[in-house]
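Got a structure here, written out as structure tokens. Questions coming.
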């Protein structure tokens, strides 16, 4: 009995109707959190005594970097679930979340570079954090490219799931190796976002913005999954009913 | 089909395709030669960079060698025969990697003295470089074979395979070159070697299973 | 409010360019992502509807 | 060889990409019987064979072999099955003899030689398959039928690119196999002259 939810989760139809009512609230709450967190961070949080106002980039850089990583863990978990239990929803989830993770990694990279210019004097520095996000970005691009390369849905599902799982196993190694490599090459650099004892006025808006980001992205993922479910299940009668009832 | 007949035929085919291995070797030497020509031919630059240059070139040529590992088998239907042979597919994949590894890495090691001379690598460090290649390259093959199996059914799969696999090679390159660097600086390098070995062992466990899944998905 | 005047808020002690471009890029990326999600969903529904209509006619 | 072997397929549903190939397909093959799968191009004849040997995973359906349900665990079935697909699985860079040694390493040289002679491959035993014709390559693949002792044969278009003489040799071999209680499932567009077969027709 305890596993009923798990089996239900595997059913696209059940998932579609359950998640339908979640999309808008998640997007709404998320954007409220985003706006509050960002405006708070931009206008009301105190400037950093060392970096001045540049540090306000943190409110967007950190959530994006966190999401880029979380999305990858989610991908790996979904890949595992698919390979072991063949759950139908897993590849749909992977397909929905991969581009979002890629965009988040891109945001983290770009904001990191912009932050680097006034802080380090150059746009790019082979900092451990930036480098590992760069690798993450490449992993996402690889997965997206692989997924779109196959005509056969089953094969695309299997192939991406394999890469996701292998990536999940390798991610800690990649991160560790990059950090280790970085300290070896340039000693302890000043790293982004690792401020000793941030004051509450500074981290509270960060918290709000992180939560906002997560909620918003969750909404987006559900929304993308909905389109994917409709597309994949287009031969079943419930999809036909759903599409025809909604109208153009 | 038995495991030994499979391994035997793998070796036989690799032997008949020795031109491919030779090409990979020539490619390797050419890539290495690009650095003195393109960047700086002075020993002051080459000696410290030698480990990194050799490793990057080795990774590229190994990728070239792995890329087509399944192509022929896929097209002529022998992959299907492997899947339906009743033998354990992961084990067959393991044997395949071992055969390929032996046929590519041994020649690579044989021309290493030549290259290390060309790049002014100190002779004391030479054996560390050989050790990193021995310990690190199995994991390159294991991981690469997954990518090769995944993209075998695609017509333009090789570029995609490289895009997919290269990020996973970063840690191996990092630890291998840092071992060489440490040896050059007179520091202890056993930690990096241990990491290389650990990565090879981990991929030994994961890769045959994943390759088998990929092969099964590709043949349908 | 950490800034005294609105121009000060925009300039942010000569760091404004960086901060605002970082925020601008991020917002743009998120907007594009959201728009893409929306457009794709609409496209899927439209294509499916057309296909079902075609099937009904035949 | 088990003379009481039987294969039963019930309610099989195979999907390929977005299309249903067959749905609710049921048939059985009894010992001493040749089953011929008919159907136009793209109706899923090859996929059906692949589904039996677990290369393709069917969406629904049960497969019984020797009266046991083997849908989940095909080991018993695969152990006694000889499958020759559309791509025949003959390695180009091995010679004819090496190819057969790869597939059936345990046969004696006498058996190997007599099979080669039977198929007219004896003069080419040391030739690499690359330099053989399509029909000869097919014969190399079919030589397995003489060399291995599997009960169930799944043959995808075994007659294609064979000449008239080759077809006769193959039909004789099939006849001999079923008379010993073997099972044969094959796909072909050709009429069988020497073997009496039961037909299953796949519709699009």
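Letters A, B, C and D mark the chains as written, and numbering starts fresh at 1 in each.
Going forward, contacts are C-beta pairs under 8 Å (C-beta built on N, C-alpha and C of every residue); 3 or more make two chains touch, one makes a residue touch a chain.
Predicted, not measured: the structure shown is a model, and the values here were computed from it.
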**Asked** Between chain pairs A-D and A-C, which one is joined by a greater number of C-beta pairs in contact?
**Response** A-C
**Request:** Could you give the separation in Å between the centres of chain C and chain D, each centre being the mean of its C-alpha atoms?
**Result:** 57
**Item:** Separation of chain A from chain D, taking each centre as the mean of its C-alpha atoms, in whole Å
**Value:** 49
**Request:** Determine the centre-to-centre distance between chain A and chain C, using the mean Cα coordinates as centres, and give it in whole Å.
**Result:** 16
**Asked** Whole-Å distance, chain A centre to chain B centre, using C-alpha means?
**Response** 32
**Prompt:** For chain C, which residues are shared contacts with two or more other chains?
**Reply:** none
**Prompt:** When you check chain A against every other chain, which residues touch at least two of them?
**Reply:** 152, 154
**Message:** Two or more other chains touching the same residue: where does that happen in chain B?
**Reply:** 216, 220
**Prompt:** Which of the chains are touching one another, listed as pairs?
**Reply:** A-B, A-C, A-D, B-D
**Message:** Under the stated contact criterion, what part of chain C meets chain A in this complex?
**Reply:** 1-3, 9, 12-13, 15-16, 18-19, 21-23, 25-26, 29-30, 32-34, 36-38, 40-41, 44-46, 48-49, 51-52
**Residue numbers on chain B that touch chain D, as the complex places them** = 1-2, 4-6, 8-9, 12-13, 16-17, 72-73, 75-78, 80-81, 83-86, 216, 219-220
**Prompt:** Which residues of chain D touch chain A in their complex?
**Reply:** 16-18, 57
**Message:** Which residues of chain B touch chain A once you look at their complex with the stated criterion?
**Reply:** 143, 146, 150-151, 153-154, 157, 160, 163-164, 166-168, 170-171, 174-175, 178, 181, 195, 199, 202, 206, 210, 213-214, 216-218, 220
**Message:** Which stretch or stretches of chain A touch chain D in the complex?
**Reply:** 151-154, 235
